[in-house]
Amino acid sequence: MIDSDSVKNLAGHPFDRRDFLKVLGWGGAAAALSGCGNTSIEDGKETVVSYVEAKDYVIPGVAVYFNSTCAQCDAGCSITGKIREGRVLKLEGNPESPINKGRLCGLGQAAVQHHYNPDRVREPLLRNGDKGEAISWEKAYALINEKLAGVKGEEIALVSGDVSGHQKVLLGNYMDSLGSKNHFVYEAVSPAVVRAANLKFYGVEMPRYRIDKAKVVLSFGADFLGTWVSPVHFAQQYAAFRKGVDGQRGVLIQAESKMTLTGANADRWLAVRPGTEGILALGIINALGVATGDVAELVKDYDKVRVSRETGVEPSNIDKIAAILKLRSPSLVLVGSAAEGYQHGLQNAAAINLLNQVLGNVGKTIEAPVSVPFPQMAPAKGKTAALKDLNDDLAAGKYKVLFNVATNPVFTAPASYKFRDNMAKAGFKVAFAHYLDETALQADLVLPLDSEMEDWGTHVPEYLADTVQINIQQPLMERLHANTRGFGDILLALVKQRRAEEYKAFDDYYGYLRSAVLQNKAALGGAGSDDDTFWNDTLSNGIVKLSGASGALSLKVDVSGLKLPTPKEIDEQYPMNLIPAVTSNLRDGRHTNQPWIQESPDPLTTIVWDSWVEMHPKMALQLGIVEGDIVKVTSKTGSVSAQVYLFPGIHPDAVSIPIGRGHDAMGRYAKGYGVNPFEIMDAVFESATGELAMHETRVNITKTGQRVIVVKDEGPAGGRQMGRKIAARMSTDQVDLSKEV
Amino acid sequence: MHRYLYFPVMLAGFLMAIGCYAATDQQPTLTTEDDLGPQIQQPIEFPHYRHAGNRNTVDLTNSDPTKGGMEINCQYCHTYARRSLTAGIPPLQKCVGCHQNIPSVRDKPRIVELFKYWDAKKAIPWKKVHDLPDFVRFNHERHIKRFIEQQGRPVQEVCGYCHGQVKEMTTARRQKPITMGWCVSCHMKEHVVVVANKDGIPEGGTPLGKQAYWYTFQKPAETKNAAGELTAKGPNDCWLCHK
Amino acid sequence: MSKRHLLALYGDFDQAEAVVRELRNTKINGFDVNDDMIVKSPIEHPEVERFLGDKPVYVQWFTLVGAVLGGSLGFLGISSAQANFFMQMKGGKPIVPLPPNFVLTYELFILGGVYITVLGFLICAALPAKRSPLYNAKVSVDNIGILVKAEEAAIGVLKTIFTKHKALEIQEEAGK
Amino acid sequence: MSVTNLLDNWAAVRHFHPIDDKPHDPYKWAMAIDLDACIGCNACAVACYAENNLPVVGREKFKHGQVMHWMRIERYWDEDGRDYPDQGFQFLPMMCQQCEAAPCETVCPVGATNHTQDGLNSQIYNRCIGSRYCSANCPFKVRYFNWYDYPTTENVWPAEMNYQLNPDVTVRGKGVMEKCTFCVQRLRAAEVTAKGEGRIVREGEVQTACQQSCPTGAISFGNLVDPESRVHKQWQAQQVDLDKDMQEKNQKEGGSDLRGYRILEELRSYPSVMYLERVRESAV
Amino acid sequence: MKDIREDIAWAKINQDVMKSLENPRPLYWVILFFAVLAFGIGIGCEVYQYQMGMGVANLDNPHVWGLYIATFIFWIGMSHSGTLLSAILHLMHADWRKPIYRFAEAMTTFSLMTAGLFVMVHLGRLWQFYYAVPYPNERWVWPNFQSPLLWDAMAIFTYLSSSVLFLFVGMIPDLAIARDNMQSGWRRKLYTLLALGWEGTDRQWRNFRVTYLTIACFLIPLAVSVHSIVASDFGMSQQPGWHVTSFPPYFVAGALYSGCAAIITLFIILRYVFKFEEYMTLPILKKIVRLTFAIAMVWTYLNCVEFASVWYSHDAVSKDLLIQKMTGPYAPFWWAMIFCGSIVPLIFAIKRFQTNIPVLFATSLLLNLGMWLERWMIVSPTFSHGYYPWTWDHDQWPSMIQWGIVFGSFGWFTLLFMVFCKMFPSVSMYEVKEMVYHRSLHLKQNGTVEQGVH
């Protein structure tokens, strides 16, 4: 049983705790020399803190565990926090959650460093010239109220990231109360084009993928193990897929221009010329030779000679893939960010999805998702197009008040948007923020948010693994800083300014949430139990599982309008394609200030704490570049300079710079490390959906003459084992997996 | 010439004597002598002797603190010790829980002080009396399980091994050295083993034959000793305390 | 029966040898050539022993005892230290491994040997010593000194012998 | 005391481990890592940071090779002349192999690293004087030395960040060696609890932090002598014996069709971590 | 040419040597100043390192050992020359050792003391050094006797204390001379105390001879064991490049080699600074040079054996390391070692140069450099290029702190040595007298020379 009061008590006296940092030999060098031994025993000097009141389950020295929800990305993993003496120590996966089944990725675990981050905003800050001046919450609310007075609804805009659950409901109500419809849901990295293509081909935006049921997975740049949609969940499916059905191990083929973590785990990795993923898909359909009608007509020109020429994939590989896809069924074809990031991204994605239809995978390894019974809580899904729209509006000076909820568009908008300047045109800018990041620095009023370990909430993930799952977010410890507030609490306070009568029953967001959940007790599976029991069970489980209705997928194949452009000629001035890489650690850069994230080597390059320009050794040889050279990467929009890392897992026509580093604000661990590829990204858009075509930027590379040592975990031997049997491998014909445990 | 041999003979004799002493001194003597720690000023001078001290057998109603205590079990207040590595300090709630029902002492200065803390909902900043270096982890739970629960020794005796005669103190004062050598001197002794046995003997005995020890030193002896007991030395694994 | 000391200095070993020989051959009352005569020289001169007669040296017995004790106690000590309560288990090696212990035994054998030898030397050579009653710094330069101790009656005879062999200098202890 | 110990237990102290017998009873902690399941995502490494109070050393010190990751993910690609890693990379989580005959143990001058009864290679921080001989003799180079006093180093654990530190694990100061412990604090807690209940630790009762977080379940960890444990079954199925330096299955003509192997096994350190070879599809 | 003038008067020997104890020449102060300066720099570096942690030495994982261990071996090696001269040559009755063994013996002692410092400097937690000392303690814990480092400590302790005793015992008659020559003052008191009342009686000499011989006998196997044990710090490990059978003799040969080279250097310096031309004569120098040459060739041979055994063995890892040494980032140092260690000593084979002091001085410095490089090449490349390719580290370069401490150690050694030379007779007077005496016996038989000054 836990309620907010007991959480407070649990913490006892948070700032009176024993200093856990007093360590081995510490402070003791002098003492040791004076012969008093090395230890730092000081009888009677240290204070032992006892609780004033303690719950029965609170025993000093014994950890308690509470469930909550991970907010580091939108996959919606349920977490279990380990709590000792009122402090959350470590996050683990909640075994009850179908999404992550007790597992948690590195990014998720680093959330404690978000919570304890020394660079968090601690007070509401009001702009005073270049400085922020700490003000009280009352004053902040009053100020917002004042600034909103007389402003028309259409002059107010709010930009947020993905939002779901009761926050979304409350947020919607607030926007309603303001009379504004300008809620921009923006995610810098989101599979929006894939959603559109899925809608077209399957009738749903995000079907359930069953990698674990597939015998062959052919992925076009979908980094489902690293960054795509719900990586921890897919990784578990992947594990089952590799174990195989009846001992027949699943085969993973990955086609992309820049190797992702998933590509690194593939049985066959194909380096595809940037932007030609769709052509390859059509080539495979052609090679399969099973298509009929419209489809056959569409692919008939895509013989393997042409496809090979345009994509750079060997004809023999196309044959092999076609053969294995034919032989082993069901298979699964995935389309990911590498394919969607072009002007013709939707066409690419459609061509690839067509492959699934041709192979008959729809309904077998692609299943209909369950629908959320409370549509108002279903996630609002972020798009990059939203930022474009917002930016255009801001440029036109449409908004007098702009709310920003923990997104960082100043950092993630392509430089050509001039977002920073446009944002200045909005009269009054309020940022709900964890850090003083680039965007918060532009705001007039910064409201410090609780970390997700201090806040209440409910979340509905976009990708539901099994049944409908509503994730509960609850505080794992007392608020670390006295003057931060939960997002829900702030919303509630703001909405009360408009509709005081409607919300007067709720003292705080916790009360709102509790009553909102209990209202739907029956629908949430709590019929028959009393309020307190149900509420406590819900909190202790951390998730509510519901059986939702599963719709049907559309099986119709519509290839009308599917037309892929022939690959562009090499542009002499900008010969290379820039691939802004989304890495599993950094994602869009909102967590860069967590040192574990900075020090976790990038899985592929093993580089830490810095950005790099990834380049194929062959191309580097041509350009006379070696590892560690600082090169200038210039696009039509601008240029950045960074160290080169030579990496064989990239198409020679492409260079790649990871997203997420290059902050010039945010905090001590983020600021000044690396470069931000958004600064050179051209504003090119997917033609059908208006999404930013992130892979479409073309660049040239020039040496600056400087050279540095690349800070990475890999030694000078590189990826070579020098004949030692270290990471050994076998091929499937040598091994008999059925004997294994 | 023999006068030149005095010295070597004496030297040899001396070394032999040392050797014989080392060879025959089989059981280390448990360090029992007191090694008083500093007198510590606590925020409230808690009278242990009053709570845990022996009852005045002559006059059971005597409330004169010098004449006897209430024999409260150590574990009544120090309830965490049997459930956790660390013993912890009882929550303030515990003190108040009893004392709000004892109006007779309500006006005593210490109790007034206690209620001041309680009313302010502030924790009492007790000072640490038994401090171990931060690289040492002593497991209270395990020792209480073994000596109190398995072997049924009196609580005050068991706690007193390390904490001394707390029942005679006001605020506690360190009485034993609590150094590694002191800990070890007890582990080196042969202790009675309670053998786990599904039928009859309570849970919590040592699973004999599945003992996590390699060497005969720490394995329970094959045969019972004269007193009919199986004995074994305490664990000697560094990683039990240093982690 | 008090005895007095007499020191005669000579320029080379031949003269000194001649003196010693004569002292040995002459029977003098109150003077025992084996107990009462000491030859002091600036260098080690093995030939002195020839004319002084063999005198025993016991230092090597100290050496033997020291080395044996050092080695055996060393081995025993190390082995029993290894087998104490905290047996430091080393994977792949027994708790009391012989090769390392032999290495250390070897070192302790030498350590014991050297230390006890030096000790034996100090004992046997009776060092540190008080200065003998008659000492001349020339002995540490180039002279050979013959120090004798005799009863008053023999002093004269000794002096005569010393002078006969062209003593460079004769020092006499004052009478008591 | 000591001399009697020596004489009474001569046979015991002259006993060669692990060759002479089957000494582990009731515990021998061991691991099996399926490289075919490992995707190289680093979740285990971060879990290790969180569980074991590892310092984040920052860019400069990382550059100087002073990083402290007890668990590192290695990424191999043996190119044999190919332009692309078209069969992917091979990831390998590497941490202390808890060797049965660990080369590090014998060389420590003060005995700060020893073998424990349950088959771990212990590291006692306070005993360590920092001679670094253990690391010098470690074939896997999985020991990490505290080159600086990280607890007092700026921005390693600034205020509030230190609240995350695990109180069950000592925070190491400068000059001591450290390494993966198989999360000994968890093992000991489980062993003591089990002992209090008169039983041994059951399969699944204790997990290492890395195992717990691994999204693909590539890491299994448990008691090798418990026939019920997954690790025991895996080792047995793979015919890998703890106390052999050359597995019989590899002696057979044509090699083995089993994936289990131990790294640098030929050095006779008898590692407690078995890896299962990565598998590659031969049809593509 | 004779090793020493046979008609030299004994009193002159005393005079000449005692003069070296008197007021120093300005050059002495200059040398002392630089020694103190260098030592001060070393101390400063060490203090900084102690405060900050070992990281400032720019060592890393897995390159955990660096110049400290290399220089430690260098100093241990250098100490072997004293034993060679005083013990081995004593047993072999090579009396030409007599004028020069005293300073060689002092060099042994001081280089051991310097080497001992490096053990301390190397430790990550110097303040816990006493954990490595086997003393009974309340924790009932002993150090690990299986560790070659502990053998090392034990061997060095034995060697150092035995050498000090040997030096002291051998000096007692000379201390008596000093005592007799000093008029008054603290030095006279000191010598009186140290001379233990030595008077040169027959009994004293008799026991002295046996003692001296016995310790010499002990010192020879001890010296061999010391450097074999240092070799086993490496040889007992598993790492490639260290695991060669010939390591112990290779180390011992290297030790004698560097010791002899150092003797040549110091010989020349002493001869010049203290004007010991009469005693430290060119024929003696020639003998040392020839000895050094012989040892240089032994070392070269053992070096070749080491490489050959690696080359022909099936140990691919060691072979890979050897190739790496020859061609990798350490190649310049490795080839410099070969040049200084095996090529430069060929100069000694040329008779003309065997007594050419400037050439010998320069050469001996080069040999020492070569020997120091040898130790570095043993230690570092194995760390940079071991079994585990992922952790290879070819960029490792010692920081200024490491260099500063190495530099400081030379200052410390020089300081000790210079102080010793002023405090104690650095030429054994009584033994030079013996040498002169024995060599003059045949002259005396011809009646051409009178004994002494009379």
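The chains carry the letters A, B, C, D and E, assigned in the order they are written, with residues numbered from 1 in each.
The rule is short, and it goes like this: a residue touches a chain if its C-beta (ideal position, glycine included) is under 8 Å from a C-beta of that chain, and two chains touch if they have at least 3 such contacts.
As the structure is a prediction and not an experimental result, all values here were calculated from the model.
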item	value
Intersection of contact partners for subunit A and subunit D	B, E
Partner chains shared by subunit C and subunit E (touch criterion as defined above)	B, D
Top chain pair, ranked by number of contacting C-beta pairs	A-D
Centroid-based (C-alpha) most distant chain relative to subunit B	C
Chain centroid nearest the full-protein CA centroid	D
Whole-Å separation of chain centres (CA-atom averages), subunit A against subunit E	65
Intercentroid distance (Cα basis), subunit E paired with subunit B, Å	56
Centroid spacing, where centroids are CA-atom means, of subunit D and subunit E in whole angstrom	43
Centre-to-centre distance between subunit B and subunit A (centres being mean Cα positions), rounded to whole Å	53
Residues within subunit B bordering two or more other chains	19, 22, 28, 133-135, 184, 188, 214-215, 217, 238
Sequence positions of subunit C contacting 2 or more other chains	76, 80-82, 84-90, 93, 95, 120, 124
Residues of subunit E engaged with two or more neighbouring chains	125, 128, 140-142, 144, 146-147, 150, 387-388, 390-391, 393
Chain-chain contacts as defined at top	A-B, A-D, A-E, B-C, B-D, B-E, C-D, C-E, D-E
Residue ranges of subunit D in contact with subunit B within the complex	1-5, 7-9, 12-13, 17, 23, 25-27, 114, 116-118, 120, 122, 124-127, 168-171, 181, 184-185, 188, 191-192, 195-200
Complex contact set, residues of subunit D against subunit A	35-37, 39-43, 45-47, 49-51, 56-59, 62-63, 67, 69, 72-79, 82-92, 125-126, 149, 151-152, 155, 157-167, 170-176, 209, 212-218, 230, 233-234, 237-238, 255, 257-259, 261, 263-264, 275-284
Of subunit B, residues touching subunit A in the complex	37-38, 40-41, 80, 83-86, 88-93, 117-118, 121-135, 174
Subunit D to subunit C touching residues, read off their complex	1-3, 5-6, 9, 12-19, 99-102, 105-106, 111, 114-117, 121, 268-270
Residues of subunit A defined as touching subunit D within the complex	17, 20-21, 23-26, 38-39, 61, 84-85, 87-93, 100, 102-107, 109-110, 112-113, 116-118, 225-226, 231-232, 235-236, 238-239, 242-243, 249, 251, 253-254, 259, 261-271, 317, 320-321, 323-324, 327, 480, 584-585, 595-596, 598-601, 603-604, 606, 608-610, 616, 618, 648-649, 668-669, 673, 709, 711, 713-714, 718-721, 724-737, 739-741
